[in-house]
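Two complexes, one shared chain (chain A), two partners (chain B, chain C).
Let's turn to the complex of A and B:
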């Protein structure tokens, strides 16, 4: 069965910024299908190039992370004609975003819990950067918490590698963290201390972190971000 | 009834606008135009503003048919380019004291947003703010206009302006961006770098690339100036990047409304944004003439702030650089 035909019977979960996400069964396994459909607002040549490149990058980075033991969805199948990636559905999971929002709403003891979560995110990102994977779109929506069976601590799973690439440059890693910092603080008001904890644990988890943190500080000051001319 | 007069002059436009409870009574403006191939320097821009500001002020009062006594509050813009800002703030301070009216410093970006909300009646949109100095994707939450995405180096308008200087034949009247849009009738797509980082963008690499490539491609007849304008702005690179980060912010925030504000918000950008909105069942709001810096937008944000009890004391009326998300929004739930 051709992929578009297959998708017409699948359940559309949501339309993200660059893809439609479906839930389906793939050879008997619960699967998520990410379909990068053509974006009509941009020139077709540019669109095809971006779409193909991002599909390739996403799969490559997922594989690289998984080889290094960083949790990411298993890739089952890729169709480059329709730009579809079939991957493992992360069952029993919530986004880190929803988790933080929930923790902020309930008051009891969440501070400690959020800091532990921040530490875990910091460690995972340090490990990812040590593999020279630049995620490119780090937000709390792109991290899932998978609950373990019973009481086992939940596991952090990284998703959405569409803007990712491979680079060893501290500059690229610094920008990656900067993008997260802005998304994090704008999405979750009053979490400056939590994010600080995240960076601290990032710094402590990687030998190569001093250069990255230095770049992050540079990027924060760069350009016209501090002023508002015009 | 609350009547607010707003002074804008943070870049190369000087404008004075009067707003009475959501109605624009007057909004005259002058633009400092430089010769092709040149940008506007702060000191020259300030000199231009100084020369015309009183004429524009008189026009604003005359067109509105108001006397100084009818005004309730004097609002002025900040932040922006130092020298022109100081000029405008000085005039605002002076008339506020002469007329015995309260003074109010208004964040320039929030002026754009509030004017956009007034004109379009958009309730709670994701805002794309694009101008010569700014490129930001903004959404409101918990008493702040929060910046979700922005340029990590130069602004999109700055990139277009500097590209116009590379080609040299592009006029600055009314703006380089407008004339690039008119020239963008090429058809050949020239591949340029495309840099989206999450909800952020970067334009400096594209500018370096095109500065270097333009000369080479044009002298060897591999493409025309029209092709470059087309590739840089139309459909292609810059605007695609802007639409993409807006869509990313919408998906992230679960928003179904977009508002484009700022001087780069031209028809082509609106057209592309409309296609994106249609694809995700969202609604686009755009402001056309009020996109460009003007006095009424400062008056409108001033009107909201004044009604919620804000004023700026004379000794606090200095101008400084500060970010959109530093302002506490006291007039929205």
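Let's turn to the complex of A and C:
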């Protein structure tokens, strides 16, 4: 049992309901380890199956995004016995959330900058949806801005594909955007215009966007769960 | 000249890489590896981008060995198999193992910490010129690597060739 021992010496960054995230060195490189620990409240056979499937799903979505040119962490190693994913640590980065909060506090002319950022997020998400990757947990905390080596324009990196899956349905893409809209507007007050900009650039970047935006409007009226009445 | 890295997940294991060019006895080396007389994996360095690529393959091989999940019979063959983007063992050997006419070779040795590190045996067996492992990029054939791993230009926009290669190696068992 090498991995659990290794993790006991690693630096714990975050603990959620589904997994723990650590920072550690892996083969000499700075890395992030995501460990899906066993859930004792589930039957052990079911738990193992679910956990394994989610680990696999996460890894697949990351690879699919990277193949399409959408920045996401490089996967270094997956241990299927302890359900751990070892991936690249995104160095020199801040979350989009912290970036927006910071920009709102120091409000001098940041409106333009925030709109540019929103456009970039919209384009990236359109590209991701065109690959039929549904992120499942879009929030501004799950997007990182990585600063370039020499003050180059920073790059948007998507992280935490733990709830992601593959689907071509406009419904699923619409819900993905709806989840982001809810999260975005509740974490960042008074950003309605910024989010509108995001949706506008999403719509402009993807040929398949009209159906998705139409679904988004439907979802707004009923919430993310589909009505099971009738 | 050689490069040794301790595996963080298995602190008692060390992986050493030795790189040779102008090798004249590739056929003989390959035969000794088949006969089990060389305690290491012989890899075709034109398919390697960076020493990290080898470490990823070696780490996975050691992990699968400890868990009894190896797909091939020996640790050295498992390292070669792990480098390949596909799950075909014969393909992996053809692309990443050495062939009789090759003039360069990467030797990967996995050792226990308790063993005294000694590579004189390997160095004496290779009729060639040892060069620093970090010079691997001078030998790698990027065109061939991109083709085999199916790396697209758009993917290279969001990362290096090494990133693309390592991602595929790490995830090939679930694709």
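Quick notes on this structure:
We adopt the following convention: the second predicted complex is superposed on the first by the 208 of 230 C-alpha atoms of A that agree within 3 Å, B and C clash if a C-alpha of one lies under 4 Å from a C-alpha of the other, contacts with A are read in each partner's own complex, and residues count from 1 in each chain.
Definition applied: contacts are C-beta pairs under 8 Å (C-beta built on N, C-alpha and C of every residue); 3 or more make two chains touch, one makes a residue touch a chain.
Values in this document were obtained by computation on a predicted structure and should not be read as measured data.
When the shared chain is aligned, chain C comes close enough to touch A:59, but chain B does not. By the touch criterion defined above, A:6 reaches chain C but does not reach chain B. In the overlay built on the shared chain, the residue A:77 is in contact with chain C alone; chain B does not reach it. Counted by residues of chain A touched, the larger count belongs to B, out of chain B and chain C. Taken together, the two complexes place no residue of chain A in contact with both chain B and chain C.
Residues 15-18, 39-43, 45-46, 49-50, 136-139, 141, 163, 175-176, 178-180, 182-183, 186-187, 189, 219, 222-230 of chain A are the ones that touch chain B when the two sit in their complex. Only residues 2-3, 6, 24-29, 56, 59-60, 62-63, 66-72, 74-81, 88, 155 of chain A touch chain C when the two sit together in their complex.
Residues of chain C touching chain A in their complex: 5, 7-10, 52, 55-56, 59-60, 63, 66-67, 152, 154-155, 157-159, 163-164, 166-168, 170-171, 173-175.
By the touch criterion stated above, chain B contacts chain A in their complex at residues 10-11, 79-81, 107-109, 131-134, 139, 141-142, 144, 146-155, 157-158, 189, 191, 194, 196-200, 204, 235-237, 240, 243-244, 247-248, 250-253, 262-263, 272-273, 275-276, 279-280, 293, 321-325.
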